[in-house]
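Before I ask anything, here is the structure I am working with.
Note that the chains take the letters A, B, C and D in the order they are written out, and that residue 1 is the start of every chain.
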């Protein structure tokens, strides 16, 4: 809050300088965790989004220049609300990129009230599907990931007793609900569900509780630095079972952990080897610019910006202003989008559906797909 | 077995809490400075240890020495540069308290800018537990922690009980006038108290970096625990602070037996509030709360 | 001294208090009679202030009784004792340091607790009385000065004025005249005499033997928590045994 | 630019309410509480809950929030009656930590870390106060009312009683002051007026979660009072204004990396607190008057 108050005031200070733009120019906003314990993710997401902005400007798809205003949320709802207020009320952007389930839930009503489209490509809390017409998701939510994951581990891997360590926020609570719903039907059992506060870094006691429950698999529903600490300390404190998580394990810091070897995690299926032009260009340019392969979050945020560019270009062609309301109408009118990795169509509630792939972290921190599960 | 495991964990946590709390208690008891920046000394020691051991690749003993030097330097500098001028003007406890709070905020953010706000760890094979009894896992570092605490307390007891300066330090806690009358210099003794008190956080800081990692904001937690332990143990009583530190570490871990982890900090402070309301002088307290 | 009242303003019987093994008040019984000045004397550590603290409710005695006009005081909080008409001063003064001299007195006249207090005529009357008291204690020019900024003698008088402001009928003054210069001392004696003439009962703790001679009607001699003697100043201070205790201790 | 100024005005106003009410207990009653954010939180959560489930009218949310905050304030008054000085500071710290746990865990009311979303705008006489400019007027009106209420109280007999017990509790008792009742009342007044800020905040941001009511907030509020000047009428206002404007200044310094701005601000606050305590403990407004023990 200390810094929050500061940010409340500070973020509004750029207004004066930022307004001297040409009338045709288009601006969108982005809410990323650029500092704090979640900064690694902000980096990944913004690099993807920025590449899409650069591509759009290079291709002159839009009349005028596209620019993206990045606001730092540190992944917390509080900072997210301050940032969305600025983007909506002061900057008047029609379209905002959102990340983190907690942030998404907090900002959605504000965006909806102002008829601004907010799109999530990172948070996977299942209730993100229910945030109203102005909130879209391009990432399959955790319910898809959990529902794909549970039958796989129970049936294919014969890991029936699952212990859940989850962060006490909308994401963690959402995932817990999914496990409670999905496990009994698949023949599994939730033998322990332990929640930890967002800031906790101590897991020795939690490890003892988990061991006591004698699970076959430990699912960690958290993110960022906390997940890194949890993996290391669970292993340090005698938890030898398979570890698992959702897409957050694709964090390079986790892949690099020796303790994470053998862990399973789900991601949406992204086919970067696909032959379509959009994917090829993204893969090549991203590698050229950042010197490493893109991660699923990078791709999602590239795709969000790309969805915006496609919709806005169409609106401009029709002579309509690029407002949140028109963007929403145009999305409903568009059957599908050519995005990196796939041709994607939105469901009526603003979510997308994609096959889920299950990855295993192998030697040297390389994740390799071990199964693909179609979801419906 | 869970209970036994939690007890062992509690012993490890409690040993470290006892050390930091004794440091805070020593400083508060002898100088009456409500030294909130005690947590900052912890953070500084932790990051210096991390820089030397993990980044520069120094031997752990060298890194420990560096961390100790940094913590002591910080404590002494704060006493000389910040607290001493305020005390000269007979500033109230509150003035000192705010100055200390300000210092803590500065340290937390300087460290945050320098090292980032994420978690840093020094990896060591010693943090890996082995099963000593069925269902009870103990890491070598737990033994190191408990051993460290015992050695430190023995040394401290020896110093305060037998050396001239140590005895003077204890006397200062009782009566500053008396000490002056015996020709001892309170300012110099106060420096000694800060040096010793800050030194006591070093083992805990280094061990924390090796087990769960450190971040710049953890000074807050250390400060809250030290303060709670000092009051629960009774102001002016090192033994009280140490026992209370141990107790709070145990309580925090044993709470996991039945409660979710998010309640553990609240458990500590319910104990603290209970003591303040029912027995403000703490376990071993002599000083009056008024 | 006039007729003996049916019930003396203050009656103390069998008062006992010990800290650990140390008896600070050891079976003390005495009366404070109306309209006279009684002085508590005794060497340092005799338990004089402790006795005041027990009368005012700051310290709970281990046994005995204290009655004000026949009503038991024991068990009451200090503020309740104060509202029954017992005012005290402190050896270390305990003025309201950051408040003005004027407000120090005004607040002593406003014991009510609520957020709103009756105003109007009562308020005007209080302000007038504050002015009178400041005038009487020689502090009129310092009315708007903060208490901490006053000189030593001025602070002593402010402390006395605060007692006077309370309208209490029993005053317990803890070394009120120590360290006063001659002029201030005489002003002090005059103020106390005036109050006593108005029917106030005064009990002093004093080391200054001039006061004992000038002002006291009766003397209580306390040593190590025990009441050793009581009587006229001449009788008590003239007793060589008591003088030996008194001066012996003082010299040490 | 105007939108920016209006937003800043609202935030300064809300924080000024908190600083003024904190100063009421800290500066005048000598109750050094590091738990003021708790009452801010109680106000905000009450407003959020009531506005979502009952009515968004300020005539409903304000009184309920104030009443509840006053009731909760007993938890702070209790240690204030028992202990002073460092002990009370420690007790208030404990209360702050416990309150944060309750705010995080009582999910049915507070929504946990996810918070309460979609709080409707405040209503006054059946009309929504949603436009930022209107909300600024509302905030300033509330600030004015809070300043008027505290100032009147401080100039009254009650205010003198408060200051008397701050300067010497035993002497205040000897002057017939019911110290326990006065302290309890003072804490209740401060808490219920702080709840006003919570109500405004909840309606303005339309979202509340526990992050706004942590120890950091309490410390920030304390910094506002201290830097402005403890026990002065103007001090908390100056402090709130300064600490709210400072961040904007930093954000104009383009050489600072944007992600470090908040850290640099905090360093500035922290260093200011230290320097003031060494050279000017009375705060900017308070002159050289020493903070009192």
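Criterion: a contact is a pair of C-beta atoms (placed from the backbone, for glycine too) under 8 Å apart; a residue touches a chain by one contact, two chains touch by 3 or more.
For clarity, every value in this text was computed on a predicted model and none was experimentally measured.
Enquirer: Spelling it out: a chain qualifies if it touches subunit C and also touches subunit D; which chains qualify?
Expert: Both-contact set = empty.
Enquirer: By CA centroids, point me to the most central chain in this structure.
Expert: Ranked by how close its C-alpha centre lies to the overall one, first comes D.
Enquirer: Looking at B-D and A-B, which one has the bigger number of contacting C-beta pairs?
Expert: Between A-B and B-D, contacts are more numerous in B-D.
Enquirer: Using Cα averages as centroids, what's the distance between subunit A and subunit C in whole Å?
Expert: Distance between chain centres: 75 Å.
Enquirer: CA centre of subunit B versus CA centre of subunit D: separation in Å?
Expert: Result: the chain centres lie 31 Å from each other.
Enquirer: For subunit A and subunit B, let me know how many angstrom lie between their CA-based centres, rounded off.
Expert: The answer is 40 Å.
Enquirer: Between subunit B and subunit C, what's the gap in Å when you average each chain's C-alpha atoms?
Expert: 48
Enquirer: List, in ascending order, every residue of subunit B touching at least 2 other chains.
Expert: Answer for subunit B, listing residues that touch two or more other chains: 262.
Enquirer: I need the residues of subunit A touching at least two other chains; which ones are they?
Expert: Residues 35, 39, 168, 197 of subunit A each touch two or more of the other chains.
Enquirer: When you check every pair of chains, which ones turn out to touch?
Expert: Pairs flagged as touching, ordered by label: A-B, A-D, B-D, C-D.
Enquirer: Inside the complex, what are the residues of subunit B that reach subunit D?
Expert: Interface residues on subunit B, with respect to subunit D: 28, 34, 82, 85-86, 89-99, 101-106, 108-110, 112-113, 220, 224, 227-228, 231, 235, 262-263, 265-266, 268-270, 272-273, 276-277, 280, 289-290.
Enquirer: Taking the touch rule as given, give the residues of subunit A at its contact with subunit D in the complex, in rising order.
Expert: Of all residues in subunit A, those touching subunit D are 1-16, 34-35, 39, 72, 76-79, 81-82, 85, 89-90, 102, 105-110, 113, 168-170, 173, 197-198.
Enquirer: Inside the complex, what are the residues of subunit D that reach subunit A?
Expert: 1, 3-4, 7-8, 11, 15, 37, 104-105, 112-115, 117-118, 132, 205-207, 209, 211-214, 216-217, 219-220, 243-248, 250-252, 258-263, 265-266, 269
Enquirer: Which stretch or stretches of subunit D touch subunit B in the complex?
Expert: 32, 78-79, 82-87, 89-91, 93-95, 97-98, 101-102, 104-105, 215, 219, 222-223, 226, 260, 263-264, 266-267, 269-274, 277-278, 281, 290-293
Enquirer: Note which residues of subunit B are touching subunit A in the complex, please.
Expert: Of all residues in subunit B, those touching subunit A are 1-2, 5-6, 9, 12-13, 116-119, 121, 123, 127-129, 131, 135, 137, 139, 211-213, 215, 217-218, 253, 256, 260-262, 264.
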